[in-house]
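Chain nomenclature is as follows: A, B, C, D and E, assigned in order of appearance, with residue numbering initiated at 1 for each chain independently.
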Amino acid sequence: MENILNWIIWFPIIGMVAIAFIPRDKENVIKITAAVATGLQFLLTLVLWQNYDAGNGSMQFMVRAEWIPSFNISYILGVDGLSLPMAILTALLCFIGVFVSWNIDKAVKGYFALFLLLDTGIMGVFLSMDFFLFYIFWEVMLLPMYFLIGIWGGPQREYAAIKFFLYTLFGSVLMLVGILGLYFTCGKTFDILELMRVAPEALNGVMWWGMSAIKVIWILLFIGFAIKVPVFPFHTWLPLAHVEAPTAISVLLAGILLKLGVYGILRINYGLMPDGVYWFSGALAALGLINVIWGGLCALAQTDLKKLVAYSSVNHMGYSLIGMAAIVAAGEANGMNLKAAQAGLGGAVFQMFNHGTISAMLFILVGVIYDRAHHRDIEGFGGLAAQMPIYTGITALAFFAGLGLPGFSGFISEAMCFIGAFPVYRGIVIASTIGILLNAAYFLWAFQRIFFGELNEKYTDLPEINRLELFTVVPLLVITLFFGIYPAPYLDIIASTMDEIIHHVVSLATFAGM
Amino acid sequence: MQELNTYLFVAAILFSLGVFGVMTRRNGIAILMGVELILNAANINFVAFSRFGGMNLDGHIFALLVIVLAAAEAAVALAIIINIYNNLNTINVDEASALKE
Amino acid sequence: MENIFINYSLFILFLPLAAFVIQIFFGKRLPRQGDWVSVGAIIITLILSIAMFVAMLMGKDPNFKQEASFTWLDMGAFSIQLGFLVDNITVIMLLVVALISTCTHIFSLKYLEGDIRYSRYFAYLGLFTFSMNGIVLSNNLISMYMSWELVGVSSYLLIGHWFEKDSAANAAKKAFLTNRVGDIGFFIGIMLIYTAIGSFVFGDIFEGVSTGMISGTTLTLAGVGLFLGAMGKSSQFPLHIWLPDAMEGPTPVSALMHAATMVAAGVYLTIRIFPLLTPDALLIVAYVGGFTALFASTIAITQNDIKKVLAYSTVSQLGYMILAVGTGVYTAAFFHLVTHAMFKANLFYGSGSVIHSMHHALHEKHDHESDPQDMRNMGGFKDKMPITYWSMLVSTLAIAGVPLFSGFLSKDAILAGSLSFAQHHPEHFLLPVFGFGAAAITAFYMFRMMFMTFHGKPQMPELINDIHESPKEMTGPLVLLGTLSIAIWYILPHFNPISTHGSWFTSLVQPVTAVVPGNLTAHSIEEGAHHAHNLAMGISIGVAAFGIGLAFLMYLKKVLSAERWGNRAGFMYDWSLNKYYFDENYDKYLYQPTLRLANKIAWIDWELYDKYFINGFGRVTNWASSVAGKFDYNIIDQILVDGLGRITDNLGNILKKIQTGKLQNYLLYVTAGVIILMIIQSF
Amino acid sequence: MTNLQSLSFYYPELILIGVILAAIIYDLTIHQSKSGNVGWVLVAGLIAVAGAIYFQEQRVTTLFTDSIVLDPFASFFKLIVILATIFVSIVSLQSGELKDYRKGEYFTLLGIIVFGLFLMVSTVDLIMVYISIEIVSIMSFVLAGYLKQNTRSNEAGLKYVVYGAFSSGIMLFGLSYIYGLTGSTNYFLIQQAIATMDASANTALFMAMIMVLAGFGYKISSVPFHFWTPDVYEGAPTTITAYLSIAPKAGAFAMMIRFFNQVLADGGAMGGLDASSVASLPWANIMSLLAVITMTLGNVVALQQNNIKRMLAYSSIAHAGYMLLAMPVMSGDSIYAIMIYLVMYLFMNLGAFFVVITVKNKTGGETFDDYKGLGWEMPLIGVVMTIFMVSLTGLPPSAGFVGKFYIFASLIKGGNQFYWLVVVGGINSVISLYYYFRVVKVMFLEGERKDTILQPPTVMACMLLATAIPTVILGIYWTPVADWIQNSLTFFIQTL
Amino acid sequence: MTEFSFWFVIGLTVLSAAVVVLSNQLIYSAMALLLTLFGVAGIYVFLWADFMAGVQLLVYIGGILVLIIFGIMLTNRISSVRLSQTNVQQGVGGAIAIWLMILISLVISKTPWYQADAIEPTETVAGVGTLLLTKYLLPFEAISLLLLGALIGAALLSRKEN
């Protein structure tokens, strides 16, 4: 049990090594190996969930080992309410991703090896509690992503891959600067828990070029994370990467990679710089608003279905940002409104998970239709509801989930984000409710254009969604519906950790030396 | 005649002329001659500093070794130049400019 | 006995949902496509509702109230309780929903016979009934909002039932989006209230309001926000545009949702939140309602599509109800809601019956051009479809406000309320004017519709022989609801056909004093309305008679030429016919600009921002010249790098040129470099 | 220490000279076709020298009456040089370019270069500075032009010799001024003289320093003394290019560190890991400027290249820039960072050149087009080249990242006047991604996928793995290297 | 007289150096270089460096210059037009050289060089020799290795391949 996090992270690597030894023409064996590796990883995360003590909001299942003592770098893993759901989501989506990729026929061996490497990278980010280790995993994701988009992607794959790479590398370089700045100002440690203890005080009053160190480091780290989220104006890699990536990779991109940004901000920025939270939360909410509106309008204008879904991610992550900003409600200046802070933060974290499942579902569904029609032009379909009723039904559910319909989990998290942020950022929240309307507009309009109207002549023999595809979508749908009707299990896991974060930020913010 | 600066100025002139030669000559051997001027300028400096610095002989040694090195360098340089002449039938360095961009 | 109501409510709520689930997954494989599942479920629901109703009647307790709730989510301080609230209003509302829903189910058995998505249709009906009951039973804003949206979805699905028609698909989308506009207001209202009070439950909220935790402008805004939701759902001006289009859905759906229940949810919500509405908020409510009542009725005059007439009539009637809430007589509003549900559903069934037979007749003649819903193609159906005719006539009399019919009672109560309000506040004299004006026009256009459809000569004589009365499944609900449109049911146990005083309804549904300081007490409102009652009744009968008479002269006796009057009205006629160009203007000034904005933003995002970032300043000119904004991937492809790339690239090009391959150049650069460094150094 | 006493501490170099002489003699006795065996003699000899250095008593002292010093710092660089030489020697035996030439002289000259580099890394005397640079340079001229039949190699030799002679001439002129200002050629004496010198002499000192920098800069290919680099790298035999990109650069960095620390700073950089000791003389700004310009130019121009060898040449300029970043700080940490960077750079850069050699042996080409689809055809090459490119870009988990990490860390620790250097360095890494990944792109993303799989020759494959595996391993676990460098961070200082 | 001969030597050195870099005939340049080297040797004499002057004559003139002239002969047929050689980028080059000259001169004139009084030694050979075998033994030996390498390299490059 004490090594379960190790197993969870490194299991895919074992699978990868195994795949390396399978002859490359044995494609099914490779696929099954990948499925087994990710499946076992998923089971392990479920075991982790079973054994996780939800009442205790702090780190559990810690693993500690010396790594590079000369630089005080350690190998530290841990899981808390913030990372546990993300770990489960990662494992689940990777497992599903293997099946989504079942029809990959080009260089199968390489594909699945890289896929598993990506899995480890993502999982590592969520579970590592050493900043250096965190950074390593953060970067490890880039390379497989580059290849997965670049080799198995759409027509513009090379451009998309390098663009994704350059963008994220730019962010992570700034992040590295921030990390080093923290390291040297805060007692030379990379241990995140230690930094959380030390940093708020150590950074206090430190000035660099007439600007407080907190602001500088906050901005450096924030840009790194914001690119992943993606926060406007760092978002233009996303439509391209999503569109060009193969379906399973789009699923992981939208489902998990975007969450890394929010996760990073919550874990690192919030944990290490409580003062910065107060300083930046207004901007965070405003950026959230821009994301919501900008993403929504862009989605409305798209004619490529996948791009529409991609922009919807920009839109949806905006809600998360708004929710995160709500944490300041718990501060004294805002009347110690703990309810709002919990609602906002909980909403933001819940939204991460929900967007993970919902956008994954949407991308899989786009993939399904693309596999059949070989295009994604919204205008080029029409009347498919009559031809593919099951597919239509599932897509309708997914779209409704996407537009935040009650009964689906997205509604609860969006509502929580809004409710939480409302006391502090009334104007921003009211303005961003327009996003709800835009959400509905683009999804319904797209739905109408694809599925309603007379059946397009070309598609009179389009096959219905098959069992394998159903197998990939339905679990996500069930999760979305389940949490939409009964969110308590999720919120129970995160609640005490959210409380810790709120308490941490509120109690350690000094407002001095900013 | 008993002024250090006189020698230094002479050396500076030789140095500048050498630099000028290196920059402007097209013929490989002519460039080499420019280099020799530079080395001689430095040697004048060494010897002059040695003379006006209390006649310490470090400067002489330095100059001496430079002369020896110059010989070795000239030998290798000329070998390369001759080799290039055998292959390209020219020793104008600007005609040997296949390597660029 | 204690929890019977709650237990029954649970069944009432979830039976239709169960039917929905079964139908969605297994509907097609069940015998008769599983319609019996839905019908069975709804009939059980009806029985349970009746049982609750009877229990309520026997209880005779005007303050009857039961609540049950559970913790839905809990994060410590932030937690949401969901729960049921069962009181008299709830029970009556449940009965109305169950009753109309049952009728609709039965009516649909024939009306949609042979439809390709028959089982799906019944499934959606179940979903709707579930969500509607959810609204009715909620004791808190959150579950109400959730059900609220689900109602919108079922409406979307049912309006779009025949999605092959673009008009249906468009109407569905329009309905959903217009509703969402209102829902945004609703949600903002919820947030305002929660922020101030910290609870979503009605009881806590009212208590909070009464203790002044929220007051003044904030409270007004919150009230208006919530009311905005009601405006969307109840199709109030200026969000009324979706309801007429929603007639694209199957007619029974129009009867159930877009006449009787779903659209009434807005009124229901306003009634529920009445205690927290400030005087200012109420005034807004009243004006919106009053104006909508008059405004919609003026459109209904000129419509030729039978369902459109009814649709605008519905909008107008909903305006009445809202007006009633705004003027404080919210019991009258609820009363009108109930009576309206009966007669308006009935009218829709009637129109459905007519359309159904028109459709068949046209089908026989292989005429696919003529519109089966256009009243100009009808006329003289009275004898062919007697049951339909008579039941519709009863309902028409009810809606026109003729004494002895249900509508008279409820409308009278509303008009009395507005009159009394104007007596208290003479500056708001427009409110009763709206009310009475709408009443007169309503009487006129309803009879216009009846005359054009059933009286006079057949306009398409070739069809008349194929026009038949509809089957039992369809006439049954007609008869039932027609019967329920007669006043007698609502005045029991007293027999005063012109007053509800002392009836079961007024004794069970009693006004509550608003908790907001400054509002009139329930008692004073009651008193005022009571005093204005007789005057209002007089005027009301007068305007109804005038309207009916005018219609009689114009469309039956043809003494007055409708055409000439139409021409005389000039642009007003035109505006009315074209619904005041609302759709066109919305399209021109709202949808299209939004889409253009979206396109522009997307284009800026992709073509400008992204490329600008990539390409440096040079691309700005490109932007100016290509406003059309076509995507040109080649340009992107040609761009080598990204981000700073272009600049780096150019820089690289320049620097690359330095590397000439000429040795002397290099040596020169080195020397120059040395000199530059020396110069830099010396500064 | 007197000359005779010194000899007992000088046996590694004596062994080396013995090896060189043995190589010359052995070469005379064998037929041309077997001249490759000289390489094995050299390799074996170098291993012996390495052993001698490794097991040498760790003394910190000057040798030969203050001409050179013996300290762990020098030993570290000597071992680096030997490692690079061994790698290059083995690969040279496989190189197709050298196939038609006698290899005896080639290895002899390599041996002499190693000796020159040994002097370079341990010198504390201006005369030795000049002589060691000349030894390395003159041997390099010959090696760059070694392919006598090949006009590109000839041209490389010509450019190199003229450029080298010119640069060292300028340097010599600068050295003469330093001698003139201080009356001495010994670092320690110079430092003493400077410390007591009149401020009015500073201009002359700076001018001299710039001229000296021309020599150093030319050796490490720093802007604006880098112009020879692309041309010579492209024209020279690839093995020599690989060698030039690492060994002389390491030597020159060692020499530079010693020079700047001992002569222009207070010599206290090694006083402890935390000591930061930029002396009062403001030479640090110039170094920062040069570092920034060097790496930016290297990266930006590398973007434009179509020839991979030439691209790597510019990339090596850029890497010199990264290492130079740490120079202005001149603290124990920054020297440490440069040293660790060199270790990492050794593996990844040599590896990248070895890939170029392998590919050239197979296809005869070294442009991007020749690499199309190579990753599918030669998976080993594809994978190791990707590793090298990742590492050169500085992405974790790879050796290159660790190097950059230490450089950036030393800058950040150095104080916030160096932060901008970190940011510029970071942005440069991002730019460099583009061209490094262009290689990966053409290998995997372009061209036809071939079903046949080719394997490089065993020796080459071993060398590729010998560079690739450390590139990965050191990116994950570099504690042994870190400890080694930690222990090597002592050098001879004569305090005032 | 000494004064005159001093300035004569200076003038000879500088002027002939100018001819070295400006002449259009390669062989003139070589001859001018000869004069320059002579001049430098003369300057050494004025600087009390008799041994250096000797070395300058022996190694530079006797060795390097001859080598250069051999090079010229080997790479040019006397009759060929190639023997005349032209300069490139004279304008920029000249400007830079003059700039350099000015900069250096400014610095020279302002700098307090390290100076110490000394008496003229009778000869420097012994001193230099002693230094070479004591203090500068290692450079001296290192140079020998360099020469060995240069020998091998030069031989290798100029050798005719079979």
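As a convention for this text, a contact is a pair of C-beta atoms (placed from the backbone, for glycine too) under 8 Å apart; a residue touches a chain by one contact, two chains touch by 3 or more.
Worth saying up front: this structure is predicted, and the values here are computed from it rather than measured.
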> Busiest chain-chain interface by contact pairs, anyone?
Replying inline: B-E
> Measuring centre to centre, with centres taken as mean CA positions, what chain is farthest from chain C?
Replying inline: E
> Quick one: most central chain, C-alpha centroids?
Replying inline: A
> Which whole number of Å gives the spacing of the CA centres of chain D and chain E?
Replying inline: 31
>> Centroid of chain A to centroid of chain D, CA atoms only: how many Å?
In response: 43
>> Based only on mean CA positions, could you tell me how far chain C sits from chain E in angstrom?
In response: 102
>> Using mean CA coordinates as chain centres, what's the gap between chain A and chain B in Å?
In response: 65
> Among the residues of chain A, which ones contact at least 2 other chains?
Replying inline: 162, 166, 170
>> Which positions in chain C are in touch with at least two other chains?
In response: 641-643, 645, 656, 659, 661, 663-665, 667-668, 671-672, 674, 678
> Can you list the residues of chain D that touch 2 or more other chains?
Replying inline: 127, 131, 134, 138, 141-142, 145, 148-149, 157-159, 162, 166, 170, 180, 183, 203, 207, 230-231, 304, 427, 430, 434
> If you go through all the chains, which pairs of them touch?
Replying inline: A-C, A-D, B-C, B-D, B-E, C-D, C-E, D-E
> Across the complex, what residues on chain D touch chain E?
Replying inline: 3, 17, 20, 24, 63-68, 102, 105, 108-109, 112, 115-116, 119, 125, 127-128, 131-132, 134-135, 138-139, 141-142, 145-146, 148-149, 157, 180-183, 193, 198, 200-201, 203-204, 207
>> Give the list of chain A residues in touch with chain C in this complex.
In response: 156, 159, 162-163, 166-167, 170, 233, 235-236, 239, 294, 297-298, 300-302, 311, 338-340, 342-343, 346, 383, 385-386, 393, 400, 405-407, 411-412, 415-416, 418-420, 422-423, 429-430, 433-434, 436-437, 440-441, 444-445, 448, 451-455, 486-488, 491-492, 494-496, 498-499
>> Give the list of chain C residues in touch with chain D in this complex.
In response: 640-645, 648-649, 651-653, 655-656, 658-659, 661, 663, 665-667, 669-670, 672-674, 676-678, 680-682
>> Applying the document's contact rule, which stretches of chain C touch chain E when the two form their complex?
In response: 664-665, 668, 671-672, 674-675, 678-679
>> Could you list, by residue number, the parts of chain E that touch chain D in their complex?
In response: 103-104, 107-108, 110-114, 116, 134-139, 142-143, 145-146, 148-150, 152-154, 156-157, 161
